[in-house]
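You will see subunit A twice below: alongside subunit B first, and alongside subunit C after that.
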Partner chain A sequence: MTSPLEARSLSLVREGNTVLDGVSFTVAKGEIFALLGGNGAGKSSTLLTFLGFLDPSGGEVLVNGKSVGSDVAGARNSIAYLPEAASLYGHLTAYENLDYFLDLAGKSASKDQINVALDRVALPQEARTRRLQSYSKGMRQKTAIALALLRETPILLLDEPTSGLDPVAIDEFHDLVKALAEGGQTVLMVTHDVYGACQVADRVGLLRHGKLVGSFAAEKGQRIDTETVHAAFAGRPHFQTDAA
Partner chain B sequence: MSTVLRIAREEWRLWLRSKVVVAAALIVAVLLAATSVLTVNRVAEEQSQRIEQQIAAEQTFFAQPDRHPHRMVHYGHYAFRPPPPLAVFEPGVDAVTGQSIFLEGHRQNTAMFADTKAAADLGGFASLTPAILYQLLLPLLLIVLGHAMFLRERESGTLAVMLAQGQSGTKLALGKAAALLAVIAIFMIPLIGVAAYSVSLGESALAATSLVAGYFLYLCIWGGIVLAASILLKQRAVSLGALIFVWLFAALIVPRFAINASSAVIDAPGKIESDLVMLAEQRKLGDGHNAADPAFMQLQAQVLEEYGVETIEELPINWRGVVASYSEAELTELLNSYADKRMELEASQSHLFGLFGFASPTIAISSASRTLSGTDLATHHRFLRESEDLRFGFVQALNEKHATDLDYTADINRNNGEEASRAARINANAWQVLDEFRFEPDSAVQRMDRAMPSLGILIAWLIAASGVVYLASRKVRL
Partner chain C sequence: MLRHLSRETRFLAKDRGAVFWLLLAFVLSVVAVSFGIAEVREQRETIATLIEEDAADRSNALEGQEDWGSAAYYAFHLTYAPPSDFAFAAMGQRDSSSWKHRVRMLALEGQIHEADTRNADFGLVGRFDFAFLAASVAPLLLILLLYDLRASERTMRRHDLLVATAGSSRSLWLPRALVRVTALALLLLMPLWVGSTIEGTAASLTLQASGIVIGSLLIWWLIVELVSRIDASPSILLTSLIGLWLAIAILVPAVSKAVIEAANPVPDGGEILLLQRETVNDAWDLPKEATMDPFVERHPEYADHSEIGEEGFEWKWYYAFQQVGDQVVEPLATQYREARLARDKQAGVAAWASPTSLVERAFEKLAGTDARSMIAYEDRVRDYHRELRAFYYPLMFPEEPFDEELLSGLPAFTPTS
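Coming up: the complex of A and B.
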């Protein structure tokens, strides 16, 4: 069966620096895969290659079994992307932002449908007609997630999704991501938050200096052991790892 | 609504919600409106004044009493060049070349009310007119509005979100271009209003439409340059700085350099300078007031032989009139040769200046603007030539009257008392020899022909700017 997301010996060299070096992984349908790594490990670059924003120097990335290089538009149509900064327009309201970006994606949604999505991400009713420039980071993040929900794409790429969120918002966000995965959406998230990754992901891949150096899978009905992953992340020896 | 129009609409929403942008647009709109109204009023007033003055000058000439014909040669006449209707938008070289000429015997006077000689205003940047606002200020406003169109998206991260929605860089660029195009369309409204007003004053619709189209092209070029910078450069400050530099270069530095270079490469002396050089040659022609001047001995022999008489007193015509006519023809030939040479040099300067349009679209539009408005150097030169034809025509007609209608003996005795003076006059009906003079702009087709090279340069600029935008947009990266 074709994996929604697959990296095959993915390498990336930018301005003479090796950003990714032979990274391979697959993400199954309905799976949450978290790529964990420090600053400059190549996490965000991995995401950007799936969107066709960066061209691999070697290997390839596939979305639904098709090479992104040969079908960028197809890849982007299948993916909802949530950038780290939850970048939306500050001069527009939540309604206006969602309407606009949905339009760009070739989708349309009624105000009721938008409200349902915003209810799902728990964006307060009173905030929805305010411009985003008055929003907190968490509120912007929720609006961006609502966009991902409304697009109804089979794949969700999340770049440091909980960065800057308070603990309550993080918990709410994790619950939402899990619900999406249970609904069949495939999630690839990159983060340097060990605890968060272990809490939400079905599998965690450890990226260091552009190489995938470890992978940890959750036991059925259990979470990934945070201590083990943390030890690996910190570079302590003798950590247990599964095959990537 | 198509994606392109949707992107354009959102850009507009951003501009309208930005107080700075709205304030800048309002200031420019007020400036544009005020300048247009003031220029329209001034030029309309000048036009009616000069037509009235032309009629008054003719009536004054015709109303002169019986006189010696040569006194009327020196009494002279005025030729006025009324501003063409489109001068309400583009006064062009009118402000510096002079718009009226005193016409008299033996001289080609300089056009009056001139601030400086014609060749000095090749750039036409002398004062704040609607044309100058369109050429200089509106590109600046486009820079303010558009320098960050793409960069803002890139810096805020929304470019990634937009592209991630499946949109191509080319489509985003088209959307941004459509937003700028709508701004430019709004900028064109005052010009369209002025053009329509000029048509109501008698201007050709073709010329007025071409002028509007020329400025539309010009502003689209600036829109393209602004958009290209916004796509290609990586920081807002760099984009703004680079575009301001391009504006300074294209709108001020190149025109200034082009004027100096044209003057340096083609040295065109002014009217006074040429007159001084010509003076020595003029003296060799003899003094037409003195029929006994040795310069006319050969002419005298020819005329006596032609009429088969021995002395000038025996001639059936007035010898002094013959000399005056001959002398005027010789002198005019000399004057015209110098004037033609000077005008050729000025035209060459103007042509060379126009070629700098390849380095600056501002030069191309300013040249096209003056030509299409009928306020260019070529039109001024035609005015000089036509007024010279008028001068030569009435002076020679008076000399003819002098030769045929006034007795030679009475003529040479004209200073011997009041009665002798009266006997040396001819009937005032003779003053009807003066032709009516109404200077008209060139036809729209002629102006279009002359403006074609500049319009062609503008089209080349637009193709180049669009090409850069297209290529850059295909490679849009985060």
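Coming up: the complex of A and C.
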């Protein structure tokens, strides 16, 4: 069966620097895969290759079995992307932002549908008609997640999605992502938050200097062991990993 | 595409910065068109008043005259170039060249070149008319509307989200820019269309002018598009584009003007005037043949009537030395005319290096306010003066008896437009 997301020996060289070096992984339908790594490990670059913003120097990335290079628009249509510190338009309200971005994606939604999505991300009713420039970072992030929900794409790419959120908002966000995956959406998230990745992901891949150096999968009904992943992330010896 | 345009129109309406620049464009256009119409109306009123007063004045001057020389001497004749029905959009050379003269049967070139322009300051700084707005200000407004379309989104870290959501850059940036360019074009052109309707401008002319404005905006859009593809901050892009605008709109025209003027020296109008006056004044003290010989050379048909007594005053001698005054300055006047035409021709070629100059020249041509139109008016004045001489000389030189009735056959000036 074709995996919604696949990286095959993905390499990326930018301005003479090796950003990614032979990275391979697949993300199955309904799976949450977290790529964990420090600053400059190549996490966001991996996401950008799936979106067609960066061309691989070697290997390839596939979305629904098709090489992104051969059909960028098709890949982007299948993906809802939530960048780090999602900057929607500050001069527009939540409704106006969602209306604009949905239209941009070639979709439309009624006000009721938008309200359902905003209810799911727990954005307060009174805030929805306010301009986003008055929002907290968490509220802006919730609006961006609502956009991802409304787009109803089979794949979700999340770049440091909980960065700057308070613990309650992080828990709510994790619950939401799990619910989406249970509903069949494939999630690839990149983060440097070991705890968060182990909380939400079915599998965690560890990126270091552009190489996938380890992979950790949750036991059935269990969470990934945070201590083990943290040890690996910190570069301590003798950690156990699964095959990537 | 319509869906994209509709989305971006709604988006534009919420962008206060863009709305401000668009409203400014509209206000400036209304002001430029209104000033233009007011100026044209004032010029038409001036001409109408002059026509009325000229007829009455000439009638008074001719009344009671007893010889052809006195009649020709005291009667003034109004000549004028009325503003076209599109002149409100581009006053062009009407600010630096005279569009009305009251001429007499005296030496003509001095009469043409003694006239001051109505407001010499305008000749230096130019006028805020629609042509200036379309040629110079509109590109600036376009730059302000487009320069940071991509760069501001990059700065706000929204670029990738936008493009990833849109699927392709084309379905995002093209409609976003197109809506802004279209809005700017419409807001600039609407006052022009209203002005054209008020002035009764031919639809084809208005259409051509609209095409020029749209073409200019498209060229500037291309320039902004090429520059804004550079991955730089909005402030660097704005600085680069303003620099480019300064070079294209100010520097290139100024340098080419200086080069063209240096390559085609034009004698001062004052030189022509002075030489002619000296020639005419000197004639009083010269032997009569010094005047009559060159006159007869030009008009051999009056050779038999060119005998002038050494003592006393004769009108035909007086008008002969007026004509000789014109003959003496003829090379200078021709040089003046030809050099202006050469300058204009070369400026037309140089304008291809500056869309700003190209638009201004195109508007002036449509409005009939370009250098060629003003030179054509001067030529028309010369033609008319020749007609006056052709009327009086056959009566004056053979010394036909004065007949006031014949004065009703005096040639009337008819403007070319």
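As a convention for this text, the second predicted complex is superposed on the first by the 244 of 244 C-alpha atoms of A that agree within 3 Å, B and C clash if a C-alpha of one lies under 4 Å from a C-alpha of the other, contacts with A are read in each partner's own complex, and residues count from 1 in each chain.
Everything that follows uses one rule, which is that a contact is a pair of C-beta atoms (placed from the backbone, for glycine too) under 8 Å apart; a residue touches a chain by one contact, two chains touch by 3 or more.
Only a predicted model underlies this, so the values are computations on that prediction, with no experimental measurement involved.
Visitor: Taking subunit A as the common reference, can subunit B and subunit C both be placed on it without clashing, or not? Answer clash or fit.
Guide: By the criteria stated at the top, subunit C and subunit B clash after superposition.
Visitor: By the touch definition at the top of the document, which applies to A:L48: first (subunit B), second (subunit C), both, or neither?
Guide: both
Visitor: Could you look at A:G22 and tell me whether it touches subunit B, subunit C, both or neither (first, second, both, neither)?
Guide: Neither: A:G22 stays clear of subunit B and subunit C.
Visitor: Just to be sure I read the superposition right, which of the two partners does A:L104 touch: subunit B = first, subunit C = second, or both, or neither?
Guide: both
Visitor: Given the touch rule stated above, what does A:G59 touch, subunit B (first), subunit C (second), both, or neither?
Guide: neither
Visitor: On subunit A, which stretch or stretches are contacted by subunit B in one complex as well as by subunit C in the other?
Guide: On subunit A, the overlap between the subunit B and subunit C contacts is residues 48, 51, 53, 73, 76-77, 79, 81, 83-85, 87-89, 91-92, 96, 100-101, 103-106, 144, 151.
Visitor: Can you check the complex and tell me which residues of subunit B touch subunit A?
Guide: Against subunit A, the touching part of subunit B is residues 1, 3, 6-7, 10, 13-14, 17-18, 156-158, 160-168, 477-478.
Visitor: Mind listing the subunit C positions that touch subunit A in their complex?
Guide: Residues 3, 7, 10-11, 14-16, 156-158, 160-168, 171-172.
Visitor: What does subunit A use to touch subunit B in their complex?
Guide: My answer: residues 48, 51, 53, 73, 76-77, 79-81, 83-85, 87-92, 96, 100-101, 103-106, 144, 151.
Visitor: Provide the residue numbers of subunit A that touch subunit C in the complex, in ascending order.
Guide: 48, 51, 53, 72-73, 76-77, 79, 81-89, 91-92, 96, 100-101, 103-106, 144, 147, 151
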